[in-house]
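Chain nomenclature is as follows: A, B, C and D, assigned in order of appearance, with residue numbering initiated at 1 for each chain independently.
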Amino acid sequence: MNINFYRMMISFLLGMLLTNSLPASQTYWLSDIPPTKELAKKMRPSHGGLVQRGKRGMYIKRLWLREGEDPLESGYIKQNSASLVFVNPDKKISKMTFRNKDYADVAFKMPDEGFYNLFMTNREIENGVLYVSVAKNESLNHSCRAGHGDVKSKINPFYYDEAPIDIIRERRSRETFHSRITSGDVVSFTILRQGKPLPGALVKMVTQKGWAKTLKSDSEGRVAFEMIRDYYPQWHEFKRRKMEGYLAIAEYKSKDAGTYAGEKFSAVHYKVTSSGNYFPSARDYKSYLYGLLIGLFALTISGFTVYFYRRRRLKIYKEKRFG
Amino acid sequence: MNYFAGVDIGSTAIKIVLIDDTKNIISSKVTPTGSQFRKNAVDALHAMLADCNLAFDELAYVISTGYGRKLLKEADESVSEITANAIGAMEAGREHGVINTIINIGGQDTKAIQIDESGTVTNFAMNEKCAAGTGKFLDVTARNLEIELEELGDYHLNLKTAPLPINSTCVVFAESEIIGLLADGHGKEEIVAGIHYSIAKRTIRLAKRVGLEGLVYFDGGPALNKGLVASMEDELGKKIVIPDFPQITTALGASVLAYEAYLDEMESA
Amino acid sequence: MNRLLMVTSSGWKKEIKVSNDPKTDEKKTAFNLTHQAIEAESMLRRIKDDFPDNPESMNYFYDLYQQVYCEGRSVYDKEKIVGTMCVQVPEELIYAAGGVPVRLCSGFYTDDQHGAEFMPAKSCSLVKATLGMLSNKSTLPFINKVKTVVSPTTCDQKRKAGAIIEEMGYDVYNMELPPLKESEEARLYWQRSIHKFSVSLKEITGNKITKDSLKKAIGKTAAAQKAYRKLHNLRKETPPVLLGKDVFMITNAYFFDKIENWTAAVNKLNEELEQRKEEKFSAAQRRAPRILFTGSPAIFPNLKLPVLIEESGGVIVADENCSSNRMLYDMITVDEWNMSNMVDGIADNYLKPCTCPIFTNNDDRKRKLINMSQEFAVDGVVYQTFSGCQVYSMEQSSITKVLRDEGIPVLLVESDYSPDDMGQLSTRVEAFIESLKAKKRRK
Amino acid sequence: MVNRIRTFINSCDLRRFRFWLQLLLFILLVYGGYAAINLGQNLPTFSCGYNQDGKGGVCYLLPLQHQLARGPASLFSWAGIAVLTGFLYFVIWFFVFNKAWCGYACPLGTIQDWITALRKKMGIPYASYTWEQFRHLKKIKYALLVLMIFIPMGIGSGIFSHDMATPFCMICPGRTIIPLFTGDFSQLTIDFSSKTKMIMTTLGMLVTGLFFTGSFIKKRFFCFFCPMSALHYMLSKPAFLKLKKDGSKCTKCGDCYSVCDMQIKEIADDVDNINILQDDCIMCLKCISACPEEGCLKVNFLGQHVFESTVDGYIKRMEKGNKSE
């Protein structure tokens, strides 16, 4: 754990050098993993990832802007003035900005159940190309005490038409607030541009351990990845709640030209990122074979004991014998 | 004025009682039963009526009781001697207080009856088949000692020493036992007293089965025998009520029942 | 063929033809000339004629007794008869094994005298009569057909009688009955002896008990018991629809009659009684005291006491003895109709509800008597014990105490088969009936 | 008119009635979820919570163990009220049918009755405990109840790891068997993720294996060890549905004891108490259907007649049984 910490510090320093203008070609994404240990202590796990407990049990979500393509070691951006669009489960859209205290971070309360979406859009022109980079984050808020009543209405993702480019993780058929993405699951994304499916986008999936795969989105802008199984500890050290991060980056170059803030550009380079977590698959630690074996074992053993007991009882009658 | 008759055809004697509708006894008669139950009973009844110059049809209601009750066709109804005895004892013992237990030693059987205040029989016991300790036993004893039945009481009373323990009260062996005792030189008084005590012990044991609390009433022929009464009281440990005419209590009860049955008939008619 | 005039104690005459045809080898007189026949005939006559309005469907039973007990014509001819000594022998198993159970308890005074040679003076007349019947040459015809006698070793005298019967040449099968019935061990013990009995029935009757034969057997006795249960409930009516002596005749007929005919006859009688119930017809006088008869079983022709009670004005509305109620009341309950559950169901049915005094504690019998006296609105209980019957006389005090606490008067009668205590008995019974009437009038 | 209905009910064929009612309630509790039926999560019967979307309501033991595992801070604070209200709902549900929940509504009980019916068809006789075994095994359900309450509290106060969550559910055959009816086989697994999980799921599978053999030879095998029945019994006194016996009418024929699935002896032997409900009783009312005495055994709901033993009913049932199988 501490090795990563040093590497994180280096990239952090590197980040410090660059002023708040962002090199356009970099990948920016929002992550709920805190940069420092002190912050990490304040965090608590919940169904929707790390949260902070506010007054009377209110969950507060904090997101940090990070730069880089590695879900674990990407550096934290110091300041950023980009505007943020915040959408709560009731689909009310509001604006937000980074607090830029010592990191570019944002925090919001999550009173209701459901998904909270946050979009950071940043536009830069660099040597004639307009880089539109969007960092998206979808945080879930759920507590079992609220019961599991109408899951159906709150589970569906939010389609934000104004986003220049958007990446949406599709919900699986019987998904509930308790469902988790596990190794071996098929995770599919839809890439939208101004609300319309964007075919031909290059979507790259990067996991914490460095596995990466790039696919092209099909005609409806859909792309599907099968999550990799990359957790092989000794069986007795196995942690079924081991959380590993992934980063989905979609890029698309379009030829249309135009001017932005006075400068002309000849091509637009869209980039949208979305981070998430995945866990070891139940099949890694649950075995049907052993289950059925033990069940059958108990069945046959007790069956035979009863059969022989009954046969023996016919022959002699077990009297109470003394001595 | 209506007259009611109660005819008690016992094994040894026929007892008839005549009462009027104020329930006091007009006349009573005791004759030996003899062999023809029915004829003797009817003759005795007619003889008694003749004495009080009444005709048979003036009798409003006649009830027969005792062993031969079913044979007396002239009776309007027949009632068991236990029920009759109970009513009779309650009637005769009225001035002595409320009777609880009746002991009746008849010719062939000994009965103990427990009644409640209204004269209903609540429990009773009889000696089994054997006639030991009954009137018959006293007759045989008197005959063997060549003394009169009535003298038994006096012999018992002028006894000075302790009575002789007689173990068997069996009528059949009574004769041989008494002759044996006489041969051993025992006085008649000793023997009579011993016999009285063994009868008393046997009767009280029977009576215990129905309970002996409250007032005990003793009737039947042997109740005339003073000696027997004394031994019974000694054995029981308290006074026993003896009616003036103990022999006719059952017949009296039958006549009272005749009177009540006559009243029932009048009401329902 | 010369004629002989016979006169019995109760003044009844009968003309007798003395057959001396050479065919009968050792000069065996035809059954209908024996003393048993005379005794049976006089009692049957007394039961039929001394009571005015017997139900019409009782004639089936009167004719049955006439046929079997007076003329000696057996109901069975080819069937395999298995004699049983007591109600504890499971009839269903015998029927299932193809045999026919016949109860050997006899009520004949003549047999009682014959039996006296085997038994001590003061012993149960019923057992003496049974021994006499089995040893007597000119006995009831179907008794000669009995080869096997099943004795469930209930009361001491019946158990020892089993050994004497064995010496007479019958083969006797003794079943082991536990002296206590409450505990689980007793239940299993009895179930084991029933299992042994159902297996050894194969040697007795020659065919094995199968599931179907057992089911049919249980169905047969269940139908009979259903008919009896209906009769039992009809007797609760006031005014009473039937005299007790008739019920004894019916249930005693169950000893030797074919079960199908018996059930049909009882069902026919039930209809007639149902009809009487509507008409509010009373089989007894107006204020006849309702008597519960319990104690040693009253078996034809020794219905001396019941007939005496009803002649002196009482009516026996309920009985609790093993010649009638206890034999037919409890029905077999089966949860799963396979062999093991049916046989165990039979075992439980004969042991658990039984109120026979041979079991050590008799609180079941007390509760049953109290419950019956309430249900039948009983005025008095007559408790008969045969002199020498030790189990019933031992229970006299406890039963009388319990009934007296409930306010029910009890008449304890100790008698036997001989008619010589008729005089004394009639006095006591009449007195008891009169005391009940007086009590009833005052109430 | 009331009497005619009453005699009709009293002489009904209880076996057939019970089969259909059990089937109906089984469908309600195991497939109710598909018809959006949700009877809440405090049901006094084994409508298993692990049967994800099919369940018509949740067996109270699951939320009870969750709530007790919350840790002493919140358990004994105001938040603890939720545990009490949950328990209150359970008690109200329970008061309505008393232990008839086990005899009629419990899906696991119904499965065992079906297995018994199979054994009956095959003509194999049932087994029964001896009196000693009965007396000793009787205590197990109370031990399980105590464990079920104290282990979650232990989890809450940190003595046990979270992997021990809902301990009884882990070893309950309901968790593994009832979801099978909605095609969810996931519970038949051994969870190797931690030693505790491994042991608990192994125990679960062992009990499932034992359950099948046990309920094949012994009627209502599992109900004898079930902590829910122990919990029920503590609340059964004031419940509305009462099993009553009139001792004066009882001839101690022992029929009720011989047909009782749970082998309860007190029902036949006890002639003094009126209220004779025992802790093992599942109120299947077979004893009432087997009682030959008029009005001896009866069950009534707040004093109103529900079912009563009658002679005619008894005879009819015995005749029907004799002819059928």
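Just so we're on the same page, contacts are C-beta pairs under 8 Å (C-beta built on N, C-alpha and C of every residue); 3 or more make two chains touch, one makes a residue touch a chain.
Every value quoted in this text rests on a predicted model; they were computed, and no experiment measured them.
Shared contact partners of chain C and chain D are absent; no chain touches both.
By the document's definition of touch, common neighbours of chain A and chain C comprise D.
By count of C-beta pairs in contact, A-D exceeds the other of the chain pairs A-D and B-C. Taking the mean of all protein Cα atoms as the centre, the chain whose own Cα mean lies nearest is D. Ranked by distance of CA centroids from chain C, the top chain is A.
Taking the mean of the C-alpha atoms as each chain's centre, chain A and chain D sit 44 Å apart.
Mean C-alpha position of chain A lies 118 Å from that of chain B.
Annotation: 40 Å between the Cα-based centres of chain B and chain C. Computed centre separation for the pair chain B/chain D is 75 angstrom, with centres defined by C-alpha atoms.
Shared interface positions of chain D, defined as residues touching 2 or more other chains, are absent.
Residue numbers of chain C whose C-beta contacts span two or more other chains: none are found.
In terms of inter-chain touching, the protein chains here are arranged end to end in an open line. All chain pairs in contact, by the document's touch criterion: A-D, B-C, C-D.
On the chain D side of its complex with chain C, the touching residues are 120, 123, 125-126, 130-131, 247-255, 258-259, 265, 268-269, 271, 286, 290, 292, 311, 314-315, 318-319, 321-325. Interface residues of chain A facing chain D in the complex, by the touch rule stated above, are 144-145, 174, 235-236, 238-240, 282, 285-288, 290-292, 294-303, 306, 310. Interface residues of chain B facing chain C in the complex, by the touch rule stated above, are 67, 79-83, 109, 118, 120-124, 126, 128-129. Here chain D touches chain A in the complex through residues 53, 66, 82, 127, 176, 185-186, 188-195, 197, 201-202, 205-210, 212-214, 216-217, going by the rule given at the top.
The part of chain C that touches chain D in the complex is made up of residues 182, 184, 187, 215, 218-219, 222, 226, 229, 233, 329-341, 344-345, 348-349, 352-353, 355, 364, 367-368, 370-371, 374.
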